[in-house]
Structure formats: structure tokens, C-alpha cells
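The following blocks contain the structures, represented as C-alpha cells.
One chain, chain A, appears in both complexes that follow, with chain B as partner in the first and chain C in the second.
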Partner chain A sequence: MTSHSQYGIAAATLVILALPFLLAGNRFLGFVLGMTLISLLWATGMNLLSGFVGLMPLMFAGIAGIAGYAMVYFTRTAGWSFWLAMPVASLLAAIIGVALGLPALRLKGFYFTLCSLVIQSVLTLAFIFFPKFTNGDTGINEIAPPDWFGGTALTGVRFDFALAVAAVAGILFSTWLTQTHLGKKFVAVREDDVLAESIGIDVVRTRITAFFIVSLYAGIGGCFYSAYVGFISPRAFDVLVSLNIWLFVTFGGRGTILGPIIGTAILAPIPFLLQDLQAFKDILSGTLIILVTLLMPGGIYGAWLKLLSRKRGREVQTTQVREQGV
Partner chain B sequence: MKLLEVSGLSKSFGGVAALANVVGHSIEGETLGMIGPNGSGKTTFVNVVSGHVRADRGTLTFAGVNIARMRPHQLAEVGLCRTYQAVRVFSELSTRQNIENARLLLEDRGLGAAEVRELTEWLRLDRNLDKQAGSLTLFEQRRLELLMRLVLKPRLIMLDEPVGGLAVTEVNEMITLLQELKARCSLFVIEHTMRVIRELADRVMVLIAGEKVADGPPSEILQNQRVIDEYLGNAAHA
Partner chain C sequence: MSDSSLLIVLSTLSTGLIMGAIFSLVAAGVTIVYGCVWLPNASNGQFFLLAALVVWTFTLSFGWSSLAASLAVIVLGVLLAVVLELVLIRRLYNAPNRNVAYFVVTLGLTQILSGIFSLTYAKWSDQFSVPPVIEGITMLGPFPISNNRLLAMVVSLGVLGLLFALLRYHPYGRALRAVFQNREAAALRGVNVRAIYRLSFVLGSTIIFLGGILFAFAYSFDLSVAWTMSITAFAIMIVGGPGSVLGALVVGMTFGFTQAIVSIFASPTVAMFSYLGAMLIMLLFQPNGLFKR
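Right, the complex of A and B next:
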């Protein structure tokens, strides 16, 4: 990791933690911020798989949904505290996610994506056809916000700040993870899985581990989403949500820590700020998906890094030429 | 001591037998060569032994251990690794990152930094550590491939056409490197360049249409009438 990206991450962290207080005066902007922060947590998790391991998990939203519904079930029916229900539900969702994804994780690239799309569709159907837990198409409303010390509820700016802390924790964890041996294995598997396997990396196990971690991100985000919005339905966790998060990651720059932060900061608030143009927002994200795939495979941050290294390359060349006395 | 031992090894793709009942072995410390016409099953042999493709039938043992059902990463752990006919490095990553990736397997049990540096200098990659591996020349990439195998502390490296695509002077250098490599571990070499086989191999196996037709010292094999007729011809023999 270069020092300038470390500064970037530190700066982003500070901004994220300060924003809830800066926007405290305006409840609407506070809400947009909260939704953006949940997306940021999701995008950071998705990036570990789609950016570092090179798999595009379209069942991401479905796993978030499992955690969301489970959290509601644990808090409402079993009477648990949100802070117990959230980790348990996320763990449960991650285990179910890995179990469902196990056959797909032997596949690579496009085939994994196709398989994950099927799993996502099955999960969406499951949300509709198990109304005992999900209340079917109608969804569940009036989900209570997380409980807080002294019998109060976590609401308003304090909830926004909690989301900021969660997003920052997610960012710092993935920054750390990508520096570890496991993180290096992720990249090796992405770059060439056959070669990775032949120099001793257990590719399938690496993918499963990554997928488990990513599912935890999805699950934690799903729990926060449910408690923050207060309403969930199958529509909240369908494939378009997965695709949107993938778009945030790719638009900003996959395989980097700063990329998804940039992508989410730019794209996630748009649908809320353009609320009068409901039909327009799906067209916009569809168009962006096509444009990004075709024109900016490295995303905004990737393009910026490329520019930097080209500039540096030119400088090296000029000094070499100078040294040779030409 | 026998290092690699195969018997009754068979593999078919569709109706075509790529390997038919191949029997053979390599001895610790020796360099075993394998020659044969295109499509005779040499690469399939390496693919099967290195765990990339599962054999239909037959037994595979390495240092006394049954390896028939092992995956490539498990084989790397017991000391059997391979290179590829088309050079294969992490081309988007730097040379240093390539080496680091190969060191992930053994971690603390592996070579120390000083030993890795010594190997890097021996393979003359020390000036290329920060370059993107894909921007290296083919010969440099081939050497990087070797280095990435050596940090795995292998007992046997299977080389699939190690001088393929190299210029004449580079072939000479590669042969010298491989001769020095023989002191470090056992080798298995597939080659079409007979000079490589003559100068490196202690013993040669000949594969034709998936069957082993000869096995012996290079001097003998390269005179073998059937091998000359079916593979070497007169031009290549010179």
C-alpha cells in the first residue's frame, strides 16, 4: 500500500466520522447520509470479493436480506437486543450464504456470477414464500431502531454516527485484511487461479473464506438497513440492490480501498436527491453499469492511479535519458 | 531412491487415449527427460502428475505417498511442482509480489530473506524486482517461474518445455541454469530441443500416442530406431 493511499484512507475516515454531526441540522440529509453509509459498508465488503478475489456475487443482497429478516425475528419474536441479534443474524446469514455458495465457489468468473444470480433469485422467492418470517410481499414495517443504554432507542444523529463507525470499522478491517497473507492470496487467486494453485495456494478454500467474510459484511449491513429504514420487503434485497453495490465498487475502482468509498459517495445519494425522477434512477444506474464496464474497467480511482504511474514512468524515463547524457 | 512412480496411468479425452498404461519412475537427484511428437500426451502426463487433471486409471506415488487424489496446492506442499508450456506469471503484479506470493505457502518454514535474495541474484532478477512481471522478457519470465518454484523448496520440478520460444543464446544460458539447478532438486523435463535433453537428462522416456515406447539413457534413446522413425526423423536427429 502506497503512503498516499494511506493518507487517503485516513482522510476519508475522518470525513465519514464528522459528517453525521455536520449534517445534524437537516434530518433529510442525515437520512441520505445514513443510507450512503450502509451502502459504503456493503460496497467495502463486496469489494473484497469482486475487487480482490475477482468474483461478482449477485446474491449479496439476498444474504443481507437473510440477516435482516433474521434480526427482526430475533428481536421481535425472541425478544433479543439488537446488539445480540445483529451478530447472530449476520453469522447465520454468512453460514447459509456459504452453504448455498459452496458449489458456485468452485467456478470462476462468469460462471460464478451466473450461479450467484440463480441463488439470488431463489432467495428472493424464499422471502416471498415464507411469510411466517418475512410477511411475504407486504414486508415488515415498524421495525424498532436498535436499543441503547438506559432504555432509550438509537435514533437520529446518534444512529447516523453509529453507521459511520460501522462503515469506518468495515473500511479499516478490509484495509488490514488486504495486507495480510490471506489478502495476498485473494489477489493471487484473482490474477491467475491456476498458477496460484500450483504455487501452493488452496484456491477453493481462499474463495470460501473470502465469501464468508463478505457475507458477514452483507449481513451486518442488512441488519443496520432494516433497523435504520424500519421497513423491509423482498424488493429491498433483490438483485438490483446487488448490482447497485457492485456498480458503486466498480465505478469508484475495484481492488482498491479508496475506490468503493469514492464510488459510493458519488452514486449512493443520487436516487434520494433525485426522488422526483423515480423512473430515471434505474435508467441512470443501468447506463452507468454499461459505461463503466466498457470505458472504465479500473473505475475513477483506478484511472487516477494509472495516470499517476504513467506520469511517474515518464519521469523515470527522462531521468534515465538525462543520465545517459542524451 | 525412487521419487516419482507411476504405473498403469491412463487418461482419455472423449475417445482419444492421451495416456495409455504409462509406467515409469524417476529417482531422487536425477533429471528425467520426456520426448515425443506433438499430441503424444507429454503435457497430459505432467497435468495428471501435477494434479491439474485426474487420471482415469493408474497409481501415482511421490516419495512413497499416494498422490493420485491430491490437488496441485497439496502437491506443492509435499515438494512436487511444475511450470507451464506457455509461461505463466502474475503478469499484472510486480516481480517482487510474484515471489512473495510463492512464499505464502511455507511462510516461516520457507526460505529466509537472504536465501531468496541469493536465488534472485543467481537468476539475475534482482534488478527487475519492481517491474511488472508482464513487462519482463520471455526469458526473464521463465527465470521468474523457476524462482517461484524454488522458494517452495521442491523435491521435484516438472518443466514443460523450459526453452520454448527462447533465442539461441538464451537457450544456452537456460541450459547452464538448469544444470546448476540439478544440484538443488530433481527435475523432469519435457523438451523438443534435443540439445536440452542430451545435455541435461540422465534418462529419457519416449511417449508416442500416449504410450511409453522407450526408456533409457539419452545416448541410447537418441539412437533407437523406432524413436528416430516416429519422432526424431533425420533432420532433428542432427
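Right, the complex of A and C next:
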């Protein structure tokens, strides 16, 4: 990690923590910020798998959905506090996610992506066809916001700030993780899994570990999403959501910490600001997916790093994805 | 056997045959593109739906005859495939890990097409049906089956037969199979690999469009058929073996009958679960499929 990206992360962290208060006057912008922060947490998590380990997990939203529905079940039916239900639901979702993904994690490249798409489709169908927990296609509404000290509820700016803290914690954790020995194993597995295996790295186990951590990110984000929006339905956790988060990561620059932050900051607010043009959202994001894949596989931040290194005449950072594909 | 149970058996048989024929056709289109170009076309369901919807427009809004509408859709489909190949597909021919890149690009294409459909057709109607090509019914014992659906089945099986013949006997088909087997060796023997890529993408897409046209004439449909068909075609491709038209035919027919049988007891969604399960098992234990090419 170069010093300039450390400064970048520090600056981004400060901006994220300050934004809820800067936008406190306008409830609409506050809501857009809150949704962007949840996406940021998700994007940071997905980046660990899609950027550092090199697998494209299309079942990401499904795992977030499991956690969201479980959280609602625990708080409503069992009467738990949100702050107990959230970690339990996220852990549950991560365990289910790993159990579902276990066979798929032996595959790589396209076959993993296809398998994850299948798992996502099964989860979406399950959300629709087990209305006992999910209320089917109608969805669950009026989900209570998290409880807070003194019997009050966590709402408004305070909730936005809580999301900012969660996003920053997610970013700092993934920054730390990618510096550790495990993080270096991730990159080794992505670059050449056969070579990694030959120098004694257990490739499948490394992938499973990464997938568990990523599922935790998905789950925590899913719980916050459910409590923040107050309404969930199978459509909130379908494959398009996974694809969107993947787009945030790749547009910004996967395999870097700052990339997903930049990508999410630019793309996540767009659907809310489109207002009446909502229907164009799919067309826009589809077009962006194609353009990014064809023209800018390293994303915005990747292109910037390349420019920078060309100026200084040295090689591109090693953690950055160099080739096309995932 | 009582009359009513005979009726059920015959109805299952005919639905299975017709659905299976259309499934096989679409899966054959998907499988030759994946087998040859390594392009897993995630937007095959949207292509299928696009053809069906345009047929609906041409016959109902423009009042064209079934034949004219079908021919127009095929011509437009070929044009669309050529343009897509020119603008998108050929840029990735030499990319490393290109199947993932293709998958992502076609997922983007899927999103664009479904966005366009929800802006246009979704506002016009929620159920689409096209007037039949031919009237009348044939009696299979006590069971009536519409000539129209029989025609759809015969045409799809006929096209599959032509495809078989093309791949086996025509020089183009042989070159296509050579590229399936070994890209470098084929290039060494003087096969123009890029031209074969282009040909197989256009051919495969056209077959998918044709499947959509036949489906539009045989059944009434809604916009959700795109996703169902996409998953089903992928499942057939993986189970049957990528690149194998025979695999697409056998597995497609099997899935068609599965759908017909399951629909008697439960919703077709349960059949969907079984396709996905079959695909997962295949991916885990034999990623090359049942009919290795």
C-alpha cells in the first residue's frame, strides 16, 4: 500500500463520517446518503472476493436477503433487540452462504459465476415460495428501526451516522485484512491458483475463508438495509442487486480499497436522483456494465493509478487486477 | 386405462414434446456459441423474448401475415447479431478469461433489454398472444391437439435436424467443430478462426430468435418467460455438455417432459428447481456434461 492511498483512505473516512451531519438539513439527501452508505459497505465486502480473490459472487444479494429476513424474524417473532438480532442473523446468513457456496468454491472463473447465479436464483425462488418467513412476493413492511438507549429508536441523522460508522468500520477492516498474510494469500490465489497451491496455500480453504467474511459483510448490510428502508421483498435481494454492487466495485476499481468507494459514491446515488426516469436505471447500469468490461477493466481508480505510475515510470501496484475478466 | 387418465397421459406427452422441442432448439443455439466462441450468452432469454414480442407487434399491430412477420424477425435478428458481434463480441476474442467477461457483458445486455421491455411492452399489455399460423386440431385418439402447436414442434425439430446436418456434412460445420475441439490446431490447418466465431455467434443467435418466434405462435406468454428460458437453456447446456447439439436435444426433451409432468402436480416453478439442481450436480461432478464433445 502506497502512502498516497493511505491518505486517500483517511480522507475518505473523514468525509464519510462528516457527511451525515452536513446533509442533516435535508431528509431526502440524508436518505440517499444512507442508501449509498449501505451500498458502500456491500461494495467493500464484495471487493474482497471479486477484487482480491478473483471470484464473482452473484449470490451476494441472496445472502444479504437471508440475513434481512432472519433479522426481521428475530426482532418480530422472537422479540429480540436489533443489536442482538443483527450479528446472529448475519452469522447465520454467512454460515448458510458458505454451506451453499461450499461446492461452488471448488470451481473457478465462469463456472463459479454460473454456480453463484444458480444459487441466487434458488434463493430468490425460496424467498417467494416460503411465505411463512418472507410473506412471499408482497414483502414485509413497517420493519421497526433499531432500538436505542432510553427506549428511543435509532432514526434520522443518528441512523445515517450509524451507517457511516458501519461503512468506515468495513473499509478499515478490509484495509487491515488485505495487509495481513491472509490478504496476500487472496491475491496469490487470484493471480495463479495452481502456483499458489504448489507453494503450500490451501486454495479452497482460502476461498472459503474469504467467502465467509464476504457473506458477513452481505449479512450486516442486509440487516441495516431492512431496518433502514423498513420494507423488504424478494426483489430487494435479486440478482440485479448483486450485479449492481459488482458494477460499483468494478467501475471504481476492484482490487483496491479506494476504488469501490469512488465507484459507489458516483453510481449509488444515481437511481434516487433520476426520480421520474427510474425506468432508465436498468438501461443505464446495463450500458455501464458493458462499457466498463470492454474499455476499463481496472475501473476509474485503476486507470488513475496506471496514469500515475506511467508518469513515475514504474510498475502498476501489485494488488491491482491486471487482466480482463474477474 | 380409463378415458380421463389416458387424456392426461396424452396431454403430458404432447406438452412435453412441444416444450422439449422448443427448449432443445434454444439450448442448441446457446450451446454452439458457448462450445465454439466460449461465449456463455446470458441474454439468450431476452433474445428469445425479443423475437416473440416483435412477432406480436408485426402480426397484431401491423397486421402482417405469420410468414411475413417470421421472416422479418429472422432478418432483423441476423442483423442484430451481426451488429452485436461487430460492436461488442469481437473485442473480447483474445481476452484472457474471456468467458467471464462475455458472461458479464451479456448480463449487461440482459439488463438493457429488460429495461427497454419494461418501458415499452410492459406498458402495453401483460399477456401476449399471437394469432395461430394454421387453424384446426388433430385428434390423437380422444385427445385434441392444435395443428398450430404441432407445426411449431415439427419446425423446431426440423431446424435441429438441419443444424445436425450442417455440423456434420457442410464444410462450414466441419470447420465449426474443428474450432470446438482445438482452436490452434484448426487455425494451423487453415481455418479462419475469427470468421468461424462470427458465423457461430450469428447462427446461434438466429436459432434462439427462431425459438422465440415458434414459442410466440404456440403459446401465449408474458415478460417473465425471458428469465425462465435463460436459466433453462443454461441448465440444458451444462447438463447436456457445452457444444453438443445432441446433448441439447436429449436433455431439452427430458426437461420438456419434466416440465409437463411436474405441471400436473405442482407449479412449473418446482420444475425450475429440478433443472437448477441438475445443473448444480453436473457442474460439481462432471462439468463437461453428459455428452462430451
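One rule holds for everything that comes next: the second predicted complex is superposed on the first by the 313 of 326 C-alpha atoms of A that agree within 3 Å, B and C clash if a C-alpha of one lies under 4 Å from a C-alpha of the other, contacts with A are read in each partner's own complex, and residues count from 1 in each chain.
We adopt the following convention: a residue touches a chain if its C-beta (ideal position, glycine included) is under 8 Å from a C-beta of that chain, and two chains touch if they have at least 3 such contacts.
Predicted, not measured: the structure shown is a model, and the values here were computed from it.
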Query: Does the chain A-based superposition show chain B and chain C clashing or fitting?
result: fit
Query: On chain A, which partner touches more residues: chain B or chain C?
result: C
Task: Please indicate which partner A:Arg207 is in contact with in the superposed arrangement: first for chain B, second for chain C, both, or neither.
output: neither
- request: State whether A:Phe129 touches chain B only (first), chain C only (second), both chains, or neither.
  value: second
Query: Now for A:Ala279: first (chain B), second (chain C), both, or neither, which partner does it touch?
result: second
Task: Based on the superposed arrangement, let me know which partner A:Glu191 touches: chain B (first), chain C (second), both, or neither?
output: first
Message: Contacts for A:Ile289 in the overlay, against chain B (first) and chain C (second): which applies, first, second, both or neither?
response: second
Message: On the A-aligned overlay, A:Leu107 touches which partner chain: chain B = first, chain C = second, or both, or neither?
response: second
Touched partner set for A:Arg254, first chain B, second chain C, both or neither: neither
Field: Which superposed partner A:His181 touches (first chain B, second chain C, both, neither)
entry: first
- prompt: Now for A:Ile199: first (chain B), second (chain C), both, or neither, which partner does it touch?
  reply: first
Query: For the superposed model, what is the least distance in angstrom between any CA atom of chain B and any CA atom of chain C?
result: 12
- prompt: Can you pull the chain A residues that chain B and chain C both touch?
  reply: none
- line: Per the touch rule, the chain A residues reaching chain C in their complex are 56, 103-104, 106-107, 109-111, 113-115, 118-119, 121-122, 125, 129, 240, 243, 279-290, 293-294, 323-326
Field: chain A partner contacts - residues on chain C that touch it in the complex
entry: 40, 88, 91-92, 95-101, 103-105, 107-116, 118-119, 231, 234, 238, 269, 272-273, 276, 279-280, 283-284, 287
Query: How about chain B: which of its residues touch chain A in the complex?
result: 50, 52, 71-73, 76-77, 81-82, 84, 88-93, 97, 100-102, 104-107, 148-149, 152
- line: Note: in the complex, chain A contacts chain B through residues 181, 184-185, 187-188, 191-192, 194-203
